[in-house]
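Here chain A shows up in two complexes: once beside chain B, once beside chain C.
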Partner chain A sequence: MIKGKLKLPPLNNRIRKVFPDRLGSLVSGFEGIIKGVRIRGSVWEVEMGEELEPIPPNAVGFGRERDADDVYIEEDVVDTRVRIGPNKDAAAATPVLVLKSIVEEEKRSDFEYELSQREINLEKLQRIASTGIPDGGSLRATTWKLLLGYLPSSHELWEKELKASRQKYANLKEELLQNPSAYTWKKDIESSSALQQEDSDADGRLTRQEISQEDHPLSLGKANLWQKYFQLTEMVEQIDRDLLRTHPDIPFFSGESSFSRKNREAMKNILLLFAKLNPAIRYVQGMNEILATIYYVFSTDTDKENAANAEADSFFCFVRILSDSVDHFCQQLDNSSGGILSTLSRLSDLLKVHDRELWHHLEFTTKVKPQYYGFRWITLLLTQEFDFQSIFRIWDTLLSNPFGVQDMLLRICCAMLLCVKAKLLSGDFVANLKLLQHYPEDINIEYLLQVAQDISPDTSFYCLSL
Partner chain B sequence: MARRPDDEYDYLFKVVLIGDSGVGKSNLLSRFTRNEFCLESKSTIGVEFATRTLEVEGRTIKAQIWDTAGQERYRAITSAYYRGALGALLVYDVTKPTTFENVSRWLKELRDHADANIVIMLIGNKTDLKHLRAVATEDAQSYAEKEGLSFIETSALEATNVEKAFHTILAEIYRIISKKSLSSGEPAPASVKEGKTITVGGPEPTKKACCTS
Partner chain C sequence: MVLVLALGDLHIPHRAHDLPAKFKSMLVPGKIQHIICTGNLCIKEVHDYLKTLCPDLHITRGEYDEETKYPETKTLTIGQFKLGLCHGHQVIPWGDLDSLAMLQRQLDVDILITGHTHQFTAYKHEGGVVINPGSATGAYSSITYEVNPSFVLMDIDGLRVVVYVYELIDGEVKVDKIDFKKTSSTHPAH
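== the complex of A and B ==
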């Protein structure tokens, strides 16, 4: 919990944004193609020494007056209310549901109110979103796009920006996702027709373009288009394999229906495009899980146009989400300050600060190191640890953290350990490892997130990471 | 360390599962430890861990199996898990020749990161896909002989030879260790030829076996 007024430590000028700055390096070498893809401003731009409003754990910070208790539903709180409510003789479950739905409805209208403003107040939106975004409609999709800085805060710019981004995506796809024969074929056609125009007196025979030696399919030169294409094939196979294994229990992704095929095809395009634009990272297993979360939310937007453009929007938001954690996917950076090993040791430090007993038990008594369980938690932004609905709820909190996804991610990971402390303390190496690699499904997500919110943000990491 | 009564065993053997992505490592593990198979299981990121206790040559062996991610990127991370491993199951897919061709790369990986005496078994998985077979049994057999590996073909889907594969490698590890214990005359369960004690990161094996050898 942020206690009282939180004053950020003086930040250097370079430390301004949480998300988008990494994008420059993510897409370097492709300026020509993706010029304009870069993010123009950040949602989480924080001025030096600027004071942020405190965020009480249960507060929603809605624009209108509101009793904070209304929003945060702890089962016991609800029970009390049920007893004093008008339907106290009715079965407990019904009023609880009614109360929950009233709270949901109020929250929904608060979101709708905020999102309808001409100028979206992002700090306010972050506060509301951190308590969970109601399912259905366009709320989650739109809010995530805003939180990620994909949509500008000025409402009137949305249409223009979306149109431009979607067009950019279409151009990128056309430029980068065609096979070499289509590429040379297109080149041939273009140059032939140019020649034809010049040579209009010729006898109608098209001038055949020579294929250069290095572009011949059997040439082994490294610059050979086909050589690159074959390397690509291997990656495509890996992506296909992983997409088939993405949420295999959800028909949206799995099975042979044309619907799921279409979804997998769209995600494949995104992952391939990302890999092509980021040759130093390419595709790494696990990216599919992160993308699936975004793509599902955007595809199920009830706004038909948004849903139809889910592929383009997901691409840009996927890049933004990875922008502050892409080093975790990069083997060469494992030991660097932004690499996975350093992040894992930060998780260990965080636990040490908040619960020395548990930390000691895990690290020394049972020797369950963070790399045994935290590696997947962190790299995949928790997408393999919980059911789909819980992932959305967790991501609402992740994406709305003013200190960035990575800060909140580590706090949630630490909270995950704290929430099963009793079991961990009584467990040995095997029991603890199994528990953490298969995190209990019956955990109360709201409680877990509350514990995470109560952990202080790591502002030193915030400085270092930017 | 507190040990539950049902968790008693004579030896604790750590075994790693390695091989290219998609060859069926996780399903071999789930078939062996839980008798489950999932046609479309999630891809393994980092490592996954499972155990099973079984009788091998009259001894109670607790197999601690580490399933690793197949993709190249994860090798640097997962290589740390080879430490202390007494056995490695190197898996390829009999329907995908490239996964067999990459076996030599995995062997190099083991030589670089694992103990020199690690027992390695080559496993050709997915024999149920008979019509798609692309790696001949004989080729794999002769390769295994050349490299000094034991070899078996399995189908995690049909549960063919999975039990046998794990049983064989555990028995082989046991034979090496008990031979060592005999020749040295010292209590050295779960140790390798040099007599170096292997740290497996978990509970130490009980000393029960030593007295009987």
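== the complex of A and C ==
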């Protein structure tokens, strides 16, 4: 934070309207505030270097038009500016942290205002969500639920909807996830409760009840409850293994504490239920990553009741998120119009339209086909390419796209390629593949999303998917 | 939900050559978590076969077993139940309920599984259960030639156990079920 006292005058309306997509445009509005801070003079030059965010050199070399207000410039350029004269740009670059906190506060209050409306304006919510939802509180969880359509836009219906959905989940769980012995026991209790009482006291020969050929664990019949249970054991084992490998560095998921066990158990229930309800797709490795993101956000909701019901809410939102990309997981549908190969070729086409040179270089010169890197990007919704916190920011943009998740996903993938264009153009097959499969961690996420948003949406496919 | 297979007195190769085909077709790997064998297998090949069904195998020594290293008695805990295992030729009179109850108290178990008589029995006695899975191959015993092949599968779930009895009668597999619930109070210590 800024050293020394800083008394901020009240924000004027002009600033409020400029909703900050890029820090530069915001900065121009803060001219009035900055003036009060300029008294420090020479001390600024020293502090300036410390407070700037690191800018990847790629961003500069991209060849886009930069106006004077833009903060995305290299550090030495900023320094010379400072020495030239303390105009608004120089001073603007300085209290970046102050600006950030102001922006955060403003955003938070904007969100809270929007979410407290009786009738939520979804379009407006989509617009502001695409610029990032503030961490902390229940803003992100609630916004995601609204964006996915889990919560209705009318505020007063929320409680009823949530209760109904959560009850539905509990019923589904009881119906589908019960193990056979618990089921048979329940049936026995219902049918012959009186008999049990007598036998339990007397010693002597235990009574035998004859049962049909289908009712025992070793039965080979197909329709048998036990057979169905055993058929799933392989899948259950795979789910368990994958869950253990999900985010091993985050204590929420990994480790032997009862907390992480509980979380893994909840996620296992969700994945099993999904697999049972969708026998055509069942469980595919990777679904755990998508679920982990959703479940984490919902569980860390500060609203106690929401956090307690995170499992049920995550299940429904998980189903909604997967609903338009579920074809990607089915191997038989690979070559169909909704399958993964078709989506990858759309990515290729998108790149071709926006940057023919890079497209040509990738497709023909280095022969790096989108299948080699894009498969994981698209099926897992980028959860494996960036660190956990960045994923939340990226998903804010993904979920808030009015043209759908898939469209924004392709645009972000295209943006990812464009952002490392310089490296790709100078690399061969091996280098490019290596770069794309281990996407650089130092990329500026805001910048990446800005590039993605500047790519125009592919509305033709949107109409098809309706 | 733990599935425990209890069987014994196969007497392969001396008195029988193999398990009945219908039993063998039912016993597939992957379903059963533990196998308890009362003894008298008698050879190593049978031991290996049982190992393929389930890696967790517990055996006690019967008088005809060729492997001398099996223990006389064994106890194990599965879920909330303590199980005791013994071949039964050591308990005289053979198959006598009171003598077996003595052994049960000695081992301090809830369920005692013994064999040797080649007859399936299941008794409730003084808060515990004594189960004899019979002979899985139907081999003749010292007492009688009339032996039906039988074995037992226990489904242990929390405080209750469901015992499935598989018997081969006239070439057909008959399955019976016995429910047993453990009372939470333990009987007085000796």
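Methods note: the second predicted complex is superposed on the first by the 350 of 466 C-alpha atoms of A that agree within 3 Å, B and C clash if a C-alpha of one lies under 4 Å from a C-alpha of the other, contacts with A are read in each partner's own complex, and residues count from 1 in each chain.
What we mean here is this: contacts are C-beta pairs under 8 Å (C-beta built on N, C-alpha and C of every residue); 3 or more make two chains touch, one makes a residue touch a chain.
Everything numeric in this text was worked out from a predicted model, so none of it was measured.
S.K.: Going by the contact rule set out at the top, does A:Phe230 touch chain B (first), chain C (second), both, or neither?
M.R.: A:Phe230: touches chain C, not chain B.
S.K.: After lining up the shared chain so the two structures overlap, which partner does A:Ser345 touch, if you call chain B first and chain C second: first, second, both or neither?
M.R.: A:Ser345 sits against neither chain B nor chain C.
S.K.: Just to be sure I read the superposition right, which of the two partners does A:Gln117 touch: chain B = first, chain C = second, or both, or neither?
M.R.: In the superposition, A:Gln117 contacts neither chain B nor chain C.
S.K.: What is the contact status of A:Ser390 with respect to chain B (first) and chain C (second): first, second, both, or neither?
M.R.: Once the two structures are laid over each other on A, A:Ser390 reaches no partner at all.
S.K.: Which partner does A:Thr300 contact after superposing on A: first (chain B), second (chain C), both, neither?
M.R.: The answer is neither, since A:Thr300 touches no partner chain.
S.K.: Any idea which chain B residues touch chain A in the complex?
M.R.: 1-3, 21-22, 38-43, 45-51, 64, 69-77, 80, 201-203
S.K.: Which residues of chain C touch chain A once you look at their complex with the stated criterion?
M.R.: On the chain C side, the touching residues are 1, 3, 25-28, 30-31, 121-126, 129, 153, 155, 157, 160, 162-166, 173-181, 183.
S.K.: Could you list, by residue number, the parts of chain A that touch chain C in their complex?
M.R.: Interface residues on the chain A side: 179-182, 184-185, 188, 196, 200, 202-213, 215-220, 230, 233.
S.K.: Using the touch rule from the top, collect the residues of chain A that touch chain B in their complex.
M.R.: 238, 241-242, 244-246, 248, 254, 284-286, 288-289, 329-331, 334, 340, 365-367, 371-372, 375-376, 379-380, 384, 428-430, 433-434, 437
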